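What follows is a pair of complexes built around subunit A, which joins subunit B in one and subunit C in the other.
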Partner chain A sequence: MLSLLIKRLGIGLVTVFAVSLIIFFGTKILPGDAAQIRLGQAATAENVAALRERLGLDQPLLVQYWNWLKNFLSGDLGVSLSGDVPITELIKDRYRNTLFVSSLTALIGVPISLALGILGAMFPRSIYDRVLTFVSVSLVAAPEFFTATLLVLFFVFWLGIGNAVVVGSVEGKGFFELIAHFGLPITTLCFVIASQLIRMSRAAVLNVMNSPYIEMAILKGVPRNRIIYRHALLNALGPIVNVVALNLAYLVTGVIVVEVYFGYPGLATLIVQGVQTRDFVLIQGLGMLFCLTYVVLMLIADIAAYMSNPRLRHPK
Partner chain B sequence: MSTDSPADQAHYVAPYDDGVSFDELPDSTPGGKFRLSFTGWVGTIVVVFWLFIAVFGPFIAPYDENDLPFPDAYSEFQEPQAGALLGTDVMDRDVLSRIMFGAGRTMGISFVATVLAYFIGVVLGIGAAVSSPKVDMVMSRINDAFLSLPSIMLGLVVVAAVGSSIPVLIVTAGVIYASVIFRLSRALGMEIKVMDFVEAARVRGEGRWWIIRREIWPNAAMPLMTDFGLRLIYVILFISSLSFLGLGVQPPQADWGSMVRENLGALQYGTSIIPVIAPAIAIATLTVAINLIVDDVSAHSGGKLSNRL
Partner chain C sequence: MSRIKRNDPTMANLSQTDREILFQMASKGVSRRQFMGWLMAAGASATSAGVLFGGMSDAVAATPKTGGRLIMAADQHGPNDTLDPALFTSAADYFRGRMFYGSLTRLTDTLGYEPELAEEVLSNDAATEWTFKIRKGVEFHNGKSLTADDVLYTMNRHMGENSVSKASALVSMVDRWEKVNNHEVKAILSSPNADLPIALGTFHFKIVQDGTTDFSNPVGTGPYTVKEFKPGVRTVGARFANYWGEGGYLDEIEHYGIGDPVARLNAFLAGDVDAMVNLPPKAIGQVEAADGKEVWSLNSGAYINVTPRLDMAQSSNVHLHKAMQALMDRQRLVKGVYKGQASLGNDHPIAPAYFDHCPDIPQRMLDPDKAKFHFEKSGLGSTAIPVVAAEVAPGAVDQVLFMQREGKKIGMNFEVKKVTTDGYWGSVWLKEPICVASWNMRPTANIMMTLAFKGDAAWNETRWKNDKFDQLLVDSRGITDAEKRKQAYCDLQTMIHEENGMSIPIHRNYVDAAASHVKGRTQVPLNNFGGAESPVTLWRDDA
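So, the complex of A and B:
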């Protein structure tokens, strides 16, 4: 078990390293360099050269990469090209919004969708299950902004509550005021992850329900509820943790579209701005942050799978 | 297989978008009569409808994509009326015409990108499966690095580096999604490679290329084709999301994703909201319809493909 964990962590580290290579050299294809962009077209050649030297851009690419990675690991994300502001400064006000919305989505969305999915697995082929499957299949294939638009239509235009854009500052608002403030983005993201979670948790429980030992329990005459709570659910727990981690990783992507849709300042809108202004120092820093989160969540998903399934720990 | 991550081996989990496990592949190729269910028919009709619009849209659209139905008036976000059946958008253009022009662009880019992804993914995947273990491992590890990045983030990095144009979009989506198909076709190749009939061919003295062409490919083709619809959905969503972020198809060209973005203002002004809802519905109906067909086909071929979504 331990050696497997270490191996998986090792693969995770290698992945992070590869990711950093892709992000760093991917953005280096960009024509023009940071010094020129920061000083503008009017800068003299001497000024540009001086800044290049100060930023370390005159060094070989590999050295630059090493320095960048070292700085990133010590929490220094570099200086934004367009605003001339340290990126950690730019992130400071925004990360709270992104974190708040994603963690609340996880807190609200995950338990509800798990309950729905498990209920579906408890009554397979019932009307409830069929409706649930149909709705979740449709939602999975629909883009995030479609779900967002439907919710805006329902809440803002039909019920007349909320606002199609998230306006106003978050300063000095209490927890519940913040929930109301970000109500629509959170609801949208809940729907986005729910559609995946419902399907996957339902499949996980159904899969356990189809195994021989459950059949044995049925044949023994164990009551249905007891089979589900005592026999099936406990064994499905590991896969479900796996599913949850995978879907939280999915949240990393979903949050980008949702932030742009509702137009509130967050990390995702910042990175989109970075791409539009070709601020590649910003893209490198934030891209690494997003990918790191994603890789860590994937790692948790895999470890959960190892923990829950002895067959994976002792591969044939 | 022992070096692979659990996602490869997990039996119980319908893998996530980027994860493919070969347990989910249909066991057999569809034989006998294939009949679509009711939902399958609905899906087919919707897809045929959009295909028709994609091909003939530009010819039957009432206006050009950048023409103004009411050039003499200030006509932003008009309600539907004679002359503009779905109303007008943020720049006074006809929403219906733009949807018809955008159909071909959204669907065309996605389709070509998916085909490209298949080409790259299948060639490299089957190549890795029949190569020596060392080559296979190197290729798989590189592929894993790509798979462990959120696809939209990769797209953002590419667009930031080289700018956005239709060829760039196609190649980007093609390369990003090739990694999923690489994994799928490598897994298939690995599975087929150890089967008795391949063994027999090898003992018979057939060359590697002959085995790929005559033994592996025919057996891998069907599962791969069933998977095509599913990948197409993801590519459509990917392209539309990039366009929605303003980093995909560039204005003034119409595209469903960018139409939603352009007209987001309509939600605040409380005017006609059709410019936002119409392109969003267009994408959703298309992807859900493809999904309905995929569900039908995979149910028929005995696999649990639909679980993969």
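So, the complex of A and C:
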């Protein structure tokens, strides 16, 4: 088990390293020079040269890469090109928003949708299961902004409760204010991840239910509840955990539509703004952060899968 | 209707100056009879004049209340938001600048100026030397008093080859700034400029404290102090207790960016924010119908245009220009595309919103007969006339499509080629024989015409070159006599109107929206939220 863990950890590190290469050299290929961009159109050649030296842009690419990686590992993400603000400052506030929204979404959305999905697998082709399938398939098909629009229309304009956008950030808000401001984005995201999780958990459990050892258990006369909880669920856990991890990663990095629609500053909008203003340093920092999020979450998912399924621990 | 807005539709047929006179009359307590007489002479009906008078008296009678909080929703915002006045680029920057800083002069709704941090502004007759007497007793947010050194430091940031200022072109004729004494500075100009105090009232010339280099938590003399400033997130200002002048009525003012127009509109209609910039034309009706919500629009000098190049064979045909101008369906653009939030253009850039607008030039309208006359003279026959267009602003494509349709009726063959806005400014504009463009308003008529109509201007779209025009344009900068100035600017506008060949069918408004409890809205036509001048005067009616 330990050697397996170390191996998995090693693969994670290699992934991070490879991604860092892609991000760094990818942004270097883009036209435009960081010093030139930071000083603007009216900059003189001497100014640009001086700033290039200060930023270390006159050194060979490999040295630049090494310095950048070293700074990143020590928590220094550099200084934004467009605003002259440390990247960590820019991220700090938005990270809090993103973390708040994604963790609440996960806390509410994941358990509920897993329970719903497993219930569906317990009573396949029942009325409940059919309704659930219909609703979750419709939700998968509905884009986020559509769900969000319906929610705003219903809650804010018809019922008159809650805020249509988030005004400000997490900090400085009381409990009820937080609910009023963040209620709708969280609900929207819950719907988005729920549809996937319900479909996947139902399918994973049903898949296991068709295998011979479950048939054996049924023949033995084991009660259905016990079959699901004791025999089926543990084997279905691997794929479920993977889908959960992917959804969590999406909540941290990919909720651009929801962030824009509800007007709150989060990490996904920040990277889009970084691209728009051609702020290479910001893109590099955020890119690495997103990569780390993915790698760590997938690592946890894989470890969970190893622990739930002995066969993975002893590959033939 | 009990209230009156300066942009009230019943006043739409009055010029900006007339409107301003009306407001001044009302504020001085003019009698109802005098007022009605004047207004009806200006072309309003008896009923609407009566309604206006009532509303106007209400508007000026209201005294600002102190207290409360307003949330103003901007659009563009991001990590490059800044509080360094010299680097301001967006409407959001300009608005924040007004919250925290003051400037030597303040722009009025008619784009004149009034003294602010400069108590008195004097020039010599040739307008080559300007003296600014600095107001005494003005305090910075950190308690330091404003002196000539602060003004000099600020102004010198816009000077010289290496200046990072985005507005250094506006003061490029200033040779140097001199300190006369602790409360007086002097600008020595290398060429005359009667409009210098107006330029100094614009966004970038906000006065910062001597020696400031870090603008992350700046110190100004404005009505609000920086309580919170997070680039791309939000900005909060708290009332500055020792503000020297009238204004700064709110306890707190929050400036919050919502990039998506639909989200911004939702937030505004739901009451989460008190005002929003750039109301989409489609939502104008919705806001007008909503209770307690009002459109806050400014007649501005921004325009869209169609520009034929005079240095290319086909497009240099003068009769073609005249035909195109007569084919412009100006009213349809204003009503259909802009839902009334635009005004008729007259083929010269100086709209009524400019201080130097010339009201005497007759308005061109859609005139197929005239177009036909010129078309026949042009000798073009059924030759295809290529026009390249991109949607660089609302209506930019529609204007040529309307022209194409009207032209077809008299046998003209416009060939409209629609391209994307990506790369339009680099590869189409100033290059194709006939193409479209979109322009923002500039603070003075002279700056506008120097930028885009002077013979040697880099942005001279038609390549029209008239030595008399160029000379008069330069000379007019030095005219300080009001009558002579008016004449000179009328001549300049007439020359463009007659000879340049460009079609300018409409001038578009800045269209924002505000809840009715948002009072003290300014109408400076240079930008959103009342030309970004409103932070000083805004107050809340239900506070």
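Note that the second predicted complex is superposed on the first by the 294 of 316 C-alpha atoms of A that agree within 3 Å, B and C clash if a C-alpha of one lies under 4 Å from a C-alpha of the other, contacts with A are read in each partner's own complex, and residues count from 1 in each chain.
The definition used in the following text is that a residue touches a chain if its C-beta (ideal position, glycine included) is under 8 Å from a C-beta of that chain, and two chains touch if they have at least 3 such contacts.
What you see is a predicted model, and the numbers here were worked out from it, not measured in a lab.
Annotation for the three-chain superposition on subunit A: subunit B and subunit C clash. More residues of subunit A are in touch with B than with the other of subunit B and subunit C. Judged by the touch definition given at the top, the superposed model places A:243 against subunit B, while subunit C stays out of reach. In the superposition on chain A, A:85 makes contact with subunit C only, not with subunit B. In the superposition on chain A, contact of A:276 is made with both subunit B and subunit C.
Contacts of A:165 after superposition: both subunit B and subunit C are touched.
With both structures placed on the common chain, the touch criterion links A:94 to subunit C but leaves subunit B unconnected. In the overlay built on the shared chain, the residue A:203 is in contact with subunit B alone; subunit C does not reach it. Contact with both subunit B and subunit C is seen for A:152 once the two complexes are overlaid on the shared chain. Within the superposed three-chain model, A:138 lies in touch with subunit B and out of touch with subunit C [touch as defined at top]. In the superposition on chain A, A:265 makes contact with subunit C only, while subunit B stays out of contact range. Among the listed stretches 243-251, 333-341 or 351-359 of subunit C, only 333-341 clashes with subunit B once the two complexes are superposed.
Common to the subunit B-facing and subunit C-facing surfaces of subunit A are residues 152, 156-157, 164-165, 260-261, 263, 274, 276. Remark: subunit A residues 39-40, 42, 44, 47, 80, 82-83, 85, 90, 93-94, 152, 156-157, 163-165, 167-169, 260-263, 265, 269-270, 273-274, 276-277, 279, 282 touch subunit C in the complex.
Considering their complex, residues 1-2, 5-7, 9-14, 16-17, 19, 141-142, 144-146, 148-154, 156-162, 233, 237, 240-241, 244-247, 257, 260-261, 264, 267-268, 273, 276-277, 280-281, 283-284, 287-288, 290-292, 295, 306-307, 309 of subunit B touch subunit A. Note for the complex: subunit C touches subunit A at residues 71, 78-82, 161-164, 168, 216, 230-234, 254, 256-260, 262-264, 266-267, 269-270, 272-273. Partner subunit B is touched in their complex by these residues of subunit A: 8, 11, 14-15, 18-19, 22-23, 26-27, 29-30, 137-138, 140-146, 149, 152-153, 156-157, 164-165, 196, 199-200, 203-204, 207-208, 236, 239, 242-243, 246-247, 249-250, 252-253, 256-257, 260-261, 263, 271-272, 274-276, 278, 280, 283, 287, 290-291, 294-295, 298, 301-302, 305-306, 309, 311-312, 315.
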